[in-house]
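Scroll down for the structure; my scribbles are underneath it.
Read from first to last, the chains carry the letters A, B and C; within each, the first residue is number 1.
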Amino acid sequence: MNRPLLEITGLSKHFGGLRAVDGVSFDIQRGEILGLLGPNGAGKTVCFNLVSGVYKPTAGQISFDGQRTDGLSPHVIAGLGIGRTFQIVKPFAHLTVLENVLAARGIARYRSLPNIWSSWKTPAERREALRLLERVGLADLAERRAGLLPLGNLRRLEIARALAVGRTLLLLDESFSGLRHEEISQLEALIRAIRADGLTVLLIEHNMRVAMGLCDRLIVLDHGRKLTEGRPAEVRANEAVIEAYLGRKGSAHAA
Amino acid sequence: MSGYLITLGTIIAINGIVACGLNVIVGFAGQISLGHAAFFGIGAYTAALLATQAGLSFWAALPLVIAVSALIGLLLGIPSLRVREDFLAITTIGINFIVEAIFNNFEFFGGALGIGGIPRVELFDLKLRGTEFLVLCLFFLVVVMVVCWWLTRCWAGLACFALREEEAAAASVGISPVRFKLLAFVIGTGMAGLGGALYAHFMRFISASDFAFPLSVSLLSMVVVGGIGTLWGPILGAFIIGVLPEVFRPLIDYRILFYTMLLLLMIRFQPGGLLGENSAARRVLAKMLPEGKP
Amino acid sequence: MQLFLEQLLNGLATGSIYALVSLGLALVYGIMRILHVAHAAVFTIGAYVGLLFFDLTGSLFLAVLGSMAVCALVGVSIERFVYFPLLKYPPFVPLIASIAILLSVEELCRLIAGPQILTFNAKLPFPEFHMAGVTVTSTITAVYCITAAVLLLLWFITTKTELGLAMRAAAQDIAVADAMGINSHLIVSITFVIGSAIAAVAGILVGIYFNQVYPTMGAIPAYKTLALIVVGGLGSVPGAVVASLLLGMAETLLIGYANIPLPRDALAFIAMIGVLMWRSQGLLGSR
């Protein structure tokens, strides 16, 4: 029961000579909010892509709930209950906001040939999709074409889609990036609510204040390797971390 | 209605069926196919062979024709998906050329002489010809359109749309790109096969050159001109592309030039198609209607 | 042995011609990611204009120059007026436009010059050879020399000049090239100029080699060269050349020797699909 939800051991991803991720190991415990930090190019998004199946690892293992998942295709991993957002938002632009979420809700059906022929235009499905939109505050934009939305709303749409898919684990890739002040507070509250519902969250974040305030634990990567892990207070004071972000001069970094 | 108009209408209806199939592949699932005529031909030849060699009636052969076209579509679709998007266009062109060459060069398919003596379609001891056959084609066109309409409402179609919009995001919500691209391909080629069977029993004589690359271009043009991904687009496109050469017929020598130039202008200035969003036609209609979208 | 040598030389000549045509296609694809089927239209125009100038002036040199100029203009016009505005649409939109251009040009040639096959009786100022009992005609020598010259010139431009550097940068990543201060649209247009000029030369060469100029002479090269640039690795000019030479020789030898029941044109595509199954990025392409 105390087995970690996600176990990453010795994970490496090499692109030719470039070691984007090099022997990284960490665990995610159920119900925690874990932050993945690091300067640009540290390998954070590559880690995400390895966990969500976009890349196959060059070496190492990933286990989700005791089951090996490295090497599985992204749609299979999604089927295991892992939802994700993308750093560069990828809405289904010509579909409406509601249809975007509905597409994600189809996850229960896409696997079986008989199930894909039933209609998605039912009141029950619409209700469920609207419920998800309400959680992220997009319910009144349900009929708007997704491609017309501003960035802040698109990030929320990504989260709504990820929620439809993620029964257990949510991977949020820089979901706070480009948001205004109020939007950041709303999103922080939403993530805490998601955790209260029993989900586990792994997030990549550049915004230090958010990361420190929201996460239970932090993993810091640099040049593809794990620099340190621990609680926010420990990590914040860690010399190596400060050096990695700011260089040897190390002045105070305001978020 | 004059015999000429009936013939024109029949060809347009058959093209409409095949174009709907192409629209599923290109418009719904976002995959490029420049070899669709090959599957039209596979359907036609299968129907022709079953009718002339195996003595099957059109109705008995039809499920087989659709199954064969869909199956070959599946088989050819699998390697097609291995290649990058840009390659896919050329791969499908290649499929068209190769299939045409096979029909043209092997005795089993009648070689360069093709297959003749294909009987008419019989319904309750009545040989369908002229207007009756046109009605039959229209019936199948309606069937095909209903299937397309249902696709837009079911999870399979939604998966294809998502795939078309953003493949990575679609995968992240559980949509297997390979599986659904193949599904679209199979449905599209099956519809093309149906059109082929109708064509074979209409022309009663087919040869490889009927299914060459220029027809694939025409079919794609129908889908694009009408409006890619829309429900009525392929029909409108089939109508326009079918009627245009006839409209320009008085220009005799210049008609093909006018037709290709018009195609160029349409594509250049209305790439979304006549029924596509933001098309001039839609905007004019929107101004004419009091409110709401067409 | 003599027959084999003859076939080999013919095949190499055919391959060289394919290489000249597919060069322009590879250049354009490399920089714009567009399948420029209309390149074959430029090729056809090159042959007709070349023939016209030759009939008017009697000078092959002037004919080549004039044809190159006209084709460069045509090529750039296609790029500026058709492809550039369609860049933001899915790739099959410019592809259909390109095919429409090819068909329109075929029709225009038919209407203006007539549907009959015209002859191009020019003597190419290249020597004839005799070796191992085989006669290498002046035309074949010309094909080899001109192809080699064009390749050399292209290699020089792309590797030794600033223009070439800009072209390679734009082909790699056009957004970055823009950011670096390269006028990428100008580079794209220059690429079309170069590619179209080469197509003009190819058109004239083919016209003389087969002594035939007719409206649909571009149709087969149009699609075959598409297969060739895929086999070579999309965007790879050396790849396109290698693929072209191989195909030229394979076609001639297979038709001459073995009795394959499929026509020459399908062979290119069969080879293409075969290569793609083995290496999905083509012979010399990069992932």
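One rule holds for everything that comes next: a contact is a pair of C-beta atoms (placed from the backbone, for glycine too) under 8 Å apart; a residue touches a chain by one contact, two chains touch by 3 or more.
Since this is a predicted model, take the numbers as computed values, not measurements.
When chain centres are set by their Cα atoms, the one at the greatest distance from subunit B is A. With centres taken as mean C-alpha coordinates, the chain found closest to the middle of all protein C-alpha atoms is B. Computed from the mean C-alpha positions, the centre of subunit A lies at a distance of 42 Å from the centre of subunit B. Each chain gets one centre point, the mean of its Cα atoms, and the points for subunit B and subunit C are 32 Å apart. Spacing of subunit A relative to subunit C, judged by their CA centroids, is 48 angstrom. On subunit A, the positions that touch subunit B within their shared complex are 52-54, 73-76, 78-79, 83-84, 86, 90-95, 99, 102-104, 106-107, 109-111, 115-121, 161-162, 164-165.
The residues of subunit B lying in touch with subunit C in their complex are 26, 30, 32, 34, 79, 82-87, 89-91, 93-95, 97-98, 100-102, 104-106, 213, 217, 220-221, 224, 253-254, 256-257, 260-261, 263-264, 267-268, 271. Taken in their complex, subunit C has these residues touching subunit B: 29, 33, 35, 81-82, 85-86, 89-93, 95-97, 99-101, 103-104, 107-108, 111, 223, 226-227, 230, 234, 261-263, 265-266, 268-270, 272-273, 276-277, 280-281.
Across the interface of their complex, subunit A is touched by residues 150, 153-156, 158-159, 161-162, 165-166, 168-177, 180, 277 of subunit B.
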